[in-house]
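Below: a set of structures, written as structure tokens.
Paired with subunit B in one complex and with subunit C in the other, subunit A is shared by the two complexes that follow.
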Partner chain A sequence: MTTPEQDQEFVTLVSGDGYEFILPRSTACISKTLRMMFDPLSKFSEALTGRCVLENISGEVLEKVCEYLCYNEKNKDQVNVPDMEIPPELCLELLMAADYLDV
Partner chain B sequence: MAMRARQRIRAPRRGLTANKGDDFETNWADLSTSLKKIHTKDASNLSFEQLYRNSYNIVLMMRGEDLYERIKKLEQDWLDDEVKTRVTAAISSSLLLAKELAEVQDQANERREAGERFLAAMREAFEDHQLCMGMITDVLMYMDRVMSTDHRKPSIYAAAMALFRDHVLRSPIRSDAKTTVVDVLESTILFMIQLERSGQIIDRPLISHCVTMLEGLYETITEEESSKLYLTLFEPAFLDASKRFYQAEGRRLLETGDAATFCKVATDRLAEETERCMYTLASSTAPKIKEVLDRELIENNIAEVVNLEGTGVRQMLDNDRLDSLRSIYVLSARVDPKKSPLTTAVQKRIVEMGKEINAGAVELAQTPAEPKKPADKGEKAKKPAEKEKPVNQQTAAAIKWVDDILGLKKKFDNIWEDSFQSDHVMQSAITTSFSEFINSESRSSEYLSLFFDENLKKGIKGKTETEVDSLLDNGITLLRYVKDKDMFEAYYKKHLSRRLLMKRSVSMDAERQMISKMKLEVGNQFTQRLEAMFKDMTISEDLTASYKEHAKKTGDPNTKRIDLDINVLTSTMWPMEIMASATRDNVQLGCIYPKEVESVKQSFEQYYLGKHSGRKLSWQPTMGTADIRLEFPRSNGKIQRHELNVSTYAMVILLLFNDVPTGEFLTYTDIKERTRITDHDLIRNLQALAVAQKTRVLRKEPMSRDVKSTDKFFFNNDFQSPFLKVRIGVVSGSANKVESQDQRKETEKKMSEERGASIEAAIVRIMKQRKSLTHSKLMTEVLSQLSARFVPDVNMIKKRIESLIDREYLERVEEDPPTYGYVA
Partner chain C sequence: MDPTLDPPLPPPPRRIHHRASPTRRRDHYQNNHNHHYRLTATATARSRCDDRSSQPSSDPAFFSSDDVPGSGGLENYTAGSAAGAGAGAGAATHTAHQHHHHASGAGGLAGTRKRRYRGTWWGEKMMSSGGHQPQGQEGAKRNKRVDWREKRLVDSGVWMGSDDSLAGGFLGSDASWGEEVWGQFVGEGEGKGEGVDGKGIGIGIGIGIGRRGEEGERMFDEPREHQIARAIVNDCLERGDDSVDLSGGNLRSIPSGLLRPLQHLTKLPAIKEPPVTEDVYTSLEPFLRLFLAGNALPKLCGELFELDTLRVLSLRNNKLTEIPAAIRRLTMLQEVNLSVNRLRSLPWELLWLIRKGDLKHLTVRPNPLLQIDDGAHDPEAAVAEWHVPREELRSCVYEGPAPEQAWAPVHVATGPVRRYNAEGVLLLPPAGSSSQPVGTAMELDAPSDTDPDPDTNPQDRPCPTPLPPAASRVPSLREVALLSLTRSPSFDLLSDAELAGYPALMLRLLRDAREVRAAGGRSCSVCHRGFVLARTEWIEWWDCSTYENGLKGPRPSGEGLRPLPFRRLGCSWGCVPGAEI
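Showing the complex of A and B:
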């Protein structure tokens, strides 16, 4: 069990094939799905533990997702941000993940 | 690498459909058990991700609609089976007596407890539902996104709320009953509010929660602002109940019959309802409930409250209940910007009090108003001392009248400032009433002028400048109310002239101040003549001085014996009464002056006419005074000297006795022949000299109060007085007093003549400017032009127009509408 402080600061995302990514809560909450998942008001296990297993996303894709989330967080207040580099072979899977996570 | 990646793109997708395609039921089974767990608050073991993925998968399988419907069904079953039973179980039978207002105390208590239980259950059910639905919605977010955007369905949350509304609130409490849960809820909340209104403490947060619930539910699925259940169901019921409550309360308060209590309760209720709306109900209701209060409690009752016998506005005014007046004002102001009941009551009271003052003045002044015609010689001379008293009393009454009114005015000014928040409508109402009753007393202008007279003569002695200032200001305030300002001017002129000529005024500064105040208040035209009178006085002073200078130079021996102070008055500027006596004297041949005086008179006439050619001097002995030194040889051989200040006529009479040896006498007829003083003046002066107790310079035979033509007059050598200087006033002539009936008639006649002239002047002025004007327009213009001075009588204006047409100043231009033209 994590302490509430950790709960506040960081969340852990786990990919379907077992990779773990630890992100600041605010960064993760750019995704609406994740935000609801970690909403402290909801009583689901994810909110209580701060750990979420995303079974249908592979580690490779989740890494890219996390990269995007950080990238978004970093540049959120700026304009004319250059596009993030996306490897074309991941395109479709990333799109599906984006749809799933609602980013 | 790239190749592998591309292959992997397809793989999961195929896998998804392949794996889960026929798996809808499994997915749903998973999901539904989880959802039930959520409802039973057993969610901590559930993985959000798992549930989310479940619904995600189902939607991807294009079974979203099925899922939506199933969830709805699930919720409905849940609400029907579980929530409803719980809620209805909390409804106890005592709550069903909703329609009967609980009068019996124990029943009320019981009901109250039951109500609280029910409300608590209700709140719990709703809060649970809200929480669960929040979680479920979160889990089903993916479905919601697809369903509400692609299929235009309301979000599952809204749908679930609607289900709650339909299946819990709208469900009958028992299978056979018609009453629904929401009805019970409504009546319970109303009952609670009722309890609070009657002074008990209720669980406000509880009610507040239930109200929030109603606010959170909508009539329709589209959730428009106006279709909140609170607005459609509860608020009307609440307002209706409040209406009935306040109607009853209004009646009850009226029955107790205390206006002050009414005001207090009403004010308290207003605050209470506002607070209730803030803390218990929705703040949007506040203006509505206030409106109900305004209408039911205040507007319908305020008139009666204002007029309540014994405690209404009248008593408040009488007893200076400023607080009560203030609250009644505030209440009235809420419902009616004109505050008509209150203003009427205040006005009525002012007029009443004013009438009392008027009546008081009349009562005080009640004397058998005997006409003072000069012809009534016998009657007039009978009891001068007694006659003087009532006249003085009348004057006192006049002054008291003014003082009373000033007191009243001050009182109402106070009330107006303190209680009516300096409201303009109230001010004008008060002003109107004041002018109404002041003008209802026909002698108001005269009284007011007397008031000034009195104050300028004695009242301001020993007062500071500011006191004098405020005193005069007060008077001026009353002048503002007087409509017939020309009447006031006439009286003021008369009184002023007496003050000036008899040198009775205490302070010329105060007089000037007064004039300038009047000028400010009424206008230039009004004070023109008054100022001219002052000018005459100053010119006369210079004239006297320069005449004395002149006399010294010419070496006229007489000037050594007689000092002449002269006042030359412009006849048009001074009051008519004084000038009128001039014309009378001319007819009768002026009074014969003793030769010493005559020579001085002629010398002055020469001097004056030499300076100003083409003028005519007429002498006014009635207005003059003389200082003469008298020697009284006593029987013991001593000689007693006195300096007497007497009227001009008395001087003339006394000088006659210079030629009369001691012991001899003059009869009335003798004196009359030798002086040619009119009967009226002669009698008055002889009375002063021979009848009045302290100033008996002459002895009369027989000793009686009347002066008859056969009376004999002796010089009184035994005249006694403790003072060296003695002032002998003329009986009823010098002091400014209330006029007798005849004098009044006279003044009024003159007034109406003068008004006629003013009206004609106004008509001509207007017509000259406009050339042609309809009758009605001319009327309004004339009225507005003259209103500063007096209120003209419409008939009089008509007559004047006729007369101007006859004299060919005007002509009739048209008949319909009647129009006049100006004839140049």
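Showing the complex of A and C:
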């Protein structure tokens, strides 16, 4: 999928308020939106720099999103998937983020 | 003085209250003398009626600061005790002596009048001295039990100033004082009613008041049929009747809070009269039966499924289109009647109750249920896999005693699996949503790499089917968030107006989540994880004819099977027929 010169192992997600989260590319690409952004064939600037600024997602929510992406990556082959705890106050924002990131 | 009538008392309190009432001194003296004799004669039979005759119409103000330090109450008491028949002589002795002392000898204290106490410091009780008589109605009927309550009141500190007015009002005859409290409550407003509650004077009455209060509030805006239903439920609760008949009540919905109290229904013992024989000993565990037949219920509320002791449930003749999966929580159900509704399929959980639970009698016909023969016309009724030979559709042939499989439910066939994407949109059929999957069954084996565009309306476009190479069981982030939302109590507080601010797609998800929450939640029929948006759905056809006739007999040898459609939902694409858990 990736061409050799752009085959970065990690990508950086930046929240609207400036927090940076560095994830393995494969983990971030669970999100279909991020996968398209980081698709090297797309020639998006995100794909070239490996850095994606998500203006409309706050650091707190993005942290939870990254936690989910890791949780998904870790459990993708599991039969008994443990539950992931979400604080109720983040639910709606997280739902918006999930909608945007398509996860 | 009869020492046997009063229990021995601990030493009296130091604190003696006095009241300035010079004009009534003589009266009191006589009055108390009179009282003294009465007490001497009967020791416990205190009458207020006699005293009342000599009372003025109202009391002067009384303050605890009226104490006069020099009154020597303690000495008086000691003298009284010494002079009396010992500790066992009780309060009658104390008080009588105090008053002798006071009236005849305590010249320096002219104009004061003692309030007398009886009992321990922690439960000090005012003697029924004349000045504190309620000019009341029920005074004559006071008895020991009521005295005890007054003791509590006097001790509380909150009631010191007003003990006359209120205590006199509600400390009435024993048999009817609950009613009087209620009357008082109504008359004096909620504040005092709560006060009565808060004092803990009889928890049963407290609860009674609370419930009546709530009812009172509801009465204003509730439709009449709801009021009647509540009255029936309350009546059952009060009589300990475990057969709750709400049938034919024109209910269009089950009002909230109607059924929840039935969780705590307790039967009353049947023994009323002394001749106790063996057969009056019955279990007090309620055999809870709920009859909602002949109403107009379009759907069921989650509250119904909190009645985990429910044994019999009748929903006959309603307008139900779906039985929520939460029925699985009613694990003690033995008999269910769902006939004459609008059900096209049954929840898988009913079959679970038959196989793993206690359900013995399931009445589902008539209903517009899917028919297994209709597969050609109705894609929902299509069959992907037969588990018995299609041509046969007969139960096992046996001779002699019926084997196990002549009783057990028979898995006849399994329908095709429908898949939903993470947004709850049915994949590939041209139209449809998670709640009302319609349309034709499509081939699901055409994987495509194009991703659905989240911006277009899912109703307007066919969804391509991106079947993952290995179906993961990890819930989507949407699902995780929605599930957490449905489990949080704050979800109910979200108003429709607030919801309207969200994008249309989210709005749909939130509405779905709200419905799921209202119906009592869902759990995956494969892995039992709780979920909101189903990702897979299929019909399994099972023959339960033995359970349909209440396990009266096994299937006759070689009898034709009449399979029922049970709808199964899965929480992930990994949860499909035959998936390992």
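Just so it is clear, the second predicted complex is superposed on the first by the 96 of 103 C-alpha atoms of A that agree within 3 Å, B and C clash if a C-alpha of one lies under 4 Å from a C-alpha of the other, contacts with A are read in each partner's own complex, and residues count from 1 in each chain.
Methods note: contacts are C-beta pairs under 8 Å (C-beta built on N, C-alpha and C of every residue); 3 or more make two chains touch, one makes a residue touch a chain.
Computed from a prediction, not measured in an experiment: that's the story for all the values here.
A.B. asks: Check the residue A:N56 against both partner chains and state whether it touches subunit B (first), subunit C (second), both, or neither.
C.D. replies: After superposing on A, A:N56 lies in contact with subunit B but is clear of subunit C.
A.B. asks: So in the superposed three-chain picture, is A:C70 touching just subunit B, just subunit C, both, or none of them (first/second/both/neither)?
C.D. replies: After superposing on A, A:C70 lies clear of both subunit B and subunit C.
A.B. asks: Between subunit B and subunit C, whom does A:I22 touch in the aligned arrangement: first, second, both, or neither?
C.D. replies: neither
A.B. asks: Once chain A of both complexes is superposed, is A:E46 in touch with subunit B (first), subunit C (second), both, or neither?
C.D. replies: The first partner, subunit B, only.
A.B. asks: Report for A:V81: first if it touches subunit B alone, second if subunit C alone, otherwise both or neither.
C.D. replies: Only subunit C is touched by A:V81; subunit B is not.
A.B. asks: Applying the touch criterion given at the start, work out whether A:A98 contacts subunit B, subunit C, both or neither, answering first, second, both or neither.
C.D. replies: Touch partner of A:A98: subunit C, not subunit B.
A.B. asks: Looking at A:M37 after the superposition, I want to know if it touches subunit B, subunit C, both of them or none. Which is it: first, second, both, neither?
C.D. replies: So A:M37 only meets subunit B here.
A.B. asks: Same subunit A residues contacting subunit B and subunit C, which ones?
C.D. replies: In subunit A, positions 32, 36, 87-92, 96, 100, 102 sit in both the subunit B and subunit C interfaces.
A.B. asks: How about subunit C: which of its residues touch subunit A in the complex?
C.D. replies: 422, 451, 454, 470, 472-478, 480-482, 484-485, 487-488, 490-491, 502-503, 505-506, 509-510, 527, 529, 574, 580-581
A.B. asks: Hey, which residues of subunit A end up touching subunit B in the complex?
C.D. replies: Touching subunit B: residues 32-33, 36-37, 39, 41-48, 52-56, 58, 87-93, 96, 100, 102 of subunit A.
A.B. asks: Which residues of subunit A touch subunit C once you look at their complex with the stated criterion?
C.D. replies: For subunit A paired with subunit C, touching residues are 32, 36, 65, 68, 71-72, 75-81, 83-92, 94-103.
A.B. asks: Can you name the residues of subunit B that touch subunit A in the complex?
C.D. replies: These residues of subunit B touch subunit A: 1-2, 4-6, 8-9, 12-13, 16, 41, 43-53, 56, 134-135, 138-139, 141-142, 145.
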